[in-house]
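Next come two complexes built around subunit A: one with subunit B, the other with subunit C.
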Partner chain A sequence: MKFGVVIFPGSNCDEDMVYVLRNIMKQEVEKLWHKEHSLKGCDFIVLPGGFSYGDHLRSGAIAQLSPIMQEVKEFAAKGGFVFGVCNGFQILCESQLLPGALLHNTHHQFVCKNVFIKAETDETIITSSLKIGAPIKIPVAHGEGRFYADEKTLAAIENNNQVIFRYCDENGYVTEESNPNGALNNIAGICNEGRNVFGMMPHPERAADAVLGNTDGLAIFKSMLNFVSA
Partner chain B sequence: MKFTAKINVMPLKALLDPQGKTVTASMKRINLPEIENVRIGKHITLEIDAADQAAAEQKVEDACKKLLANPIMEFYEYSVTKA
Partner chain C sequence: MDSLKETNVDTAEKLGLLPEEYEKIKNLLGRKPNFNEISIYSVMWSEHCSYKNSITWLKTLPREGPHMMAKAGEENAGLVDIGDKLACAFKIESHNHPSAIEPYQGAATGVGGINRDIFTMGARPVAQLNSLRFGNIKNERTKMLMKGVVKGIGDYGNAFGVPTVGGEVYFEDCYNTNILVNAMSVGVVPHGKTVKAISYGEGNPVFIVGSATGKDGIHGATFASGDLHESSHEDLPSVQVGDPFQEKLLLEATLEVIETGAVVGMQDMGAAGIICSTSEMSAKGEHGMVIHLDKVPTRQANMEPWEILLSESQERMLIVGIKGREDEIYKVFEKWDLNCTHIGEVTTGGQLKFYMNGTLVADVNADSLVLGGGAPVYKRDYKEPAYIKANKSFDINKIAVPSDLKEVAMQLAGHPNICSRRWVYTQYDSMVGTVNMSTNRPSDAAIVNIKNSKKAIAVTVDCNARYVYADPETGCAIAVAEAARNIVCSGGVPSAVTNCLNFGNPYNPEVYWQFVHSIKGMGKACEKFQTPVTGGNVSFYNQSKTGNEEVPVYPTPTIGMIGLVENKNKIATLDFKNEGDHIFLIGASANDIASSQYLVHVHGVANSPAPQFDLDEEYNVQQVVKDLIAQQLVQSVHDVSDGGLFISLLESAMHRDLGFDIITDEEIRKDAFLFGESQSRIVVTVNEEQLDDFLNAVTAMDVEFTNIGQVTSGSILIDQESFGVVSDYKTLYNTSIENELTHS
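Presenting the complex of A and B:
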């Protein structure tokens, strides 16, 4: 399996993502500069976190116009796997590869802390190894993570089982206190209708190496590999 | 012909605007409690080279639709005048 990690000017979690995929998961990884016009034969594209284009205009708004994103859109349309974390999630929403938008946190502050999330479905390739409803601890670090979609879109996302992660407390209860940004329905991550494009605000790549004291994020990476090799 | 556009991009009325809410609350501190419902968006100005007013407005419309505003969270309004 060959992963492609896209690097935009202002990406800052790209090296962490490459490290986890290459050194922990032992996968082949290609770094893809945003100006490139080819995905270089990658089977799985990852859009990492950061502040692409300094978050100018809106988070992800400029990045989605990068040459590589035109390739990513075509790849996704053909069913290719695309996974965005944090700013990557914002870029996928701005690209309309995922429904909804990510607004300024309700409290309008940057939030950087460990939160608990739980998988809502195991029928996606990034949650296939996770136990539904079991909380995992993953850090968030964002100022614009409040997931929003209009009522009709939100209902469709919920009915189609497109919510993959929800913020919860350490016991798995979905509460207002456990929601770090005011996201509708405590939504932390979603997939598209075709279930091949995924986005989440929390950073699993920051919780995948034992030296960091938390490996809860590993299950997400293991899911990807299990699914593909299954 | 050169035209100038003045564009306002505002958070949708149905959406909570945390910046506006904070500023509204601060009005009391400057002795202006009568001020309410502050909403904060973006004001964008730009210049356009176009054959006439209608063509210039069309380009501004395209710019708003394709990049300057995200209809999921924002609405926009603009005026275009000869530079």
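Presenting the complex of A and C:
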């Protein structure tokens, strides 16, 4: 399994992602520079968090035009696995590899804190080892994380079982208080119809190193590997 | 060109220079300076660059320590050896005046500036902290400033991608006009990879890299723009504008260009822009430069030479490269899509010659401009302010113990100076970099992981300015002691200090008295803790005008301290762990409520001395706690500070919704026992299984300690009287600031 972590000039969670995949999950990792036109034979592409090209306009709006993203789009169209976290999720929505959009948080503030999310389906490769409905503690850190889609799209996402994570409280209840950004239906992460492209606002790579006192995110990385080796 | 005309003493004075300084400049040049040159001297001899009113006293601070690699003033920031062939670079700096004018950009560029100080040395920033002072939180202006500052720090630091791991926020009326924004950055660099802010080697190329130069932040000389080109000063923003994306690119490019080995020296451009970096690098390397200002990429057409020289446009660096290896440097900046422009050469001799389209527009000696060279040094007069006498006459016996102490406890738990800073810190990315070990395991200092090592760094910023105001020498010693205590309580060993000295007008003898005595107190405490002062910054003129009177802010010598955690498996945390654990107070209780939040905000008494403090006793208490942590005999460790013992216990209890049942000391007033802020006290908890071992250990140590009670499942009992349950306090404590800010 060879992971490719895409690096935009303003990516700032790229090294955190590489560290988890390489040092904790013991996987081969290739860094993919945004100006490149090749995915270097990677089997799984990860778009990390950060501010891609400064995100002065709209998060991810410029990134989706970059050379590397043309390759990522082609790779995804052929069924390749693509996983975006935070800014990576925003870029996937801007690239229309995922439905919906991520808007400014309702409270108009950047928010960084631990939140609880629960898997809504185990029929994706990033949730295959998670227990449906069981809350896990994963941090968020974003200013534009409010998932939004028009009514029809939202219904389709829900009906197709494309919601993979929802914000919840520590007991697993989906409540307004547990929603950190005003996302519709408390949506924290989704996948595409083909179930090969995934995006989530919370940062599982920040909850994967025992030294930081929270390893709830490891289950997501383990899911990927289980699925692939299965 | 008007800027080539001879100037006179009037111009010099308008630029903030003294008549005798103008004479000195004439003597140094052997002629009258032109406008470009007088502008250069005005900024380089300003307090900000030259430390002319403070350096005499700063030099008395201890600069040697077991871990020091670069001494104060030698580099852009202090450098401390942390073992494993790594060094830690760290510094704190103020951005007070810009933030008071334009809070968002002022605070943002403060964050940008301090991070550049770190990565210009070759260190990658790994953690940021900040220390903020605002006026009364009830004022609309305070709310506006606070929202702007916090958003500015967040937007810049979050995009730059370095976690904000700690800080402090206080509210006092003395900061109503003049807020304080102090930002600190901590970086890590492998030994041998550091770069100096130096220039040498005749013929070596000089590059300006990063953003283009604009007319922003031209301070000292803004007035004079009227003389030069009629009323254009109105469009010169005095506050710089920051772009964290450019800073992020500059960071990566800077660290990469150092790897090439083609760099002689490098300095970021902060205050006083190009003139500051060219002169400081040249003076240090005992060389000169020829610089062609017309080659500097500018944002506007027709910039005057002095504007280019003094511009404080953000996200720029000056690099001196090795002749013949220019392409290696260009290649890195091309990769990151940043400007890299060859603007001049290193020369022998110490002269800086600036040309504009072939015309020599300024010709000054580098050494004559800088601290330690030609910059003036003054000794100011000082005298004890009248209020100090009033403070000393405070008598605790004139203060009645309130009948309802539970009510007092509630009031303090929700006070803006004591309650949770959650509204502030959730707007900062505290976890990017995956090194913040305190997110899930809180301690008194923030713990920053060093990946692939057994070690971690402990960092903190501290200053209770009310104590410093009450008694500058004791108060400043307490600031150092509290910083050291926070590091010790987290399982670290204090290493070194950076300071940010925020004071009023140094020409006011009473303000200067506060300054001198603060430095004395800082010096003594830093000696005791073996934490040399590696650098920092002085910010004078923090004051507000009421009528015709200038009222200085509280003297606020913010202490940034780093410490080393040798074994990250032995980090101490502040939260109570289990019901039934025994609570011990290490250190002596005292009949003291002086300068406490309780005395000021419950009784409304402004004049009292600093809390009781003895440096040797403090050191001893810290050593005891250090040993107890090393022997892993304690479950939680938390010091007693603002709000006293009660608040300390409450803070430890809230994390896991536990409570406490304690007995007070009959010898001591109950209000002093619960809410007094006498120093050198630390609360630890011990589990039943280790109780005997703990008692054996602590009895063998020469320290006063008291078993004050036990951890409960959530109820709070004091002398068997119910003070409610922890959840009563928790909501109040967590939401007090957001309620003030959002319900206005």
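Definition applied: the second predicted complex is superposed on the first by the 230 of 230 C-alpha atoms of A that agree within 3 Å, B and C clash if a C-alpha of one lies under 4 Å from a C-alpha of the other, contacts with A are read in each partner's own complex, and residues count from 1 in each chain.
In the analysis below, a contact is a pair of C-beta atoms (placed from the backbone, for glycine too) under 8 Å apart; a residue touches a chain by one contact, two chains touch by 3 or more.
All figures in this text were calculated on a predicted structure; none of them were measured in a lab.
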Touching A:88, do we find subunit B (first), subunit C (second), both, or neither? neither
So, does A:100 touch the first partner subunit B, the second partner subunit C, both, or neither? first
In the superposition, subunit B vs subunit C on subunit A residues touched: C
Note which residues of subunit C are touching subunit A in the complex, please. 151, 154-155, 158-161, 243-246, 248-249, 252, 336-337, 426-434, 436-437, 439-441, 449, 451-452, 568
Over in the complex, which subunit B residues touch subunit A? Could you list them? 15-16, 18-19, 22, 67-68, 70, 72-73
Quick check: in the complex, which residue numbers of subunit A touch subunit B? 57-58, 61, 65, 93-94, 100-101, 103-108, 148-150, 182
Subunit A residues within the subunit C interface of the complex: 9-10, 12-13, 15-16, 19-20, 23, 49-51, 53-56, 109-114, 139, 141, 143, 203, 205-206, 209, 211-214
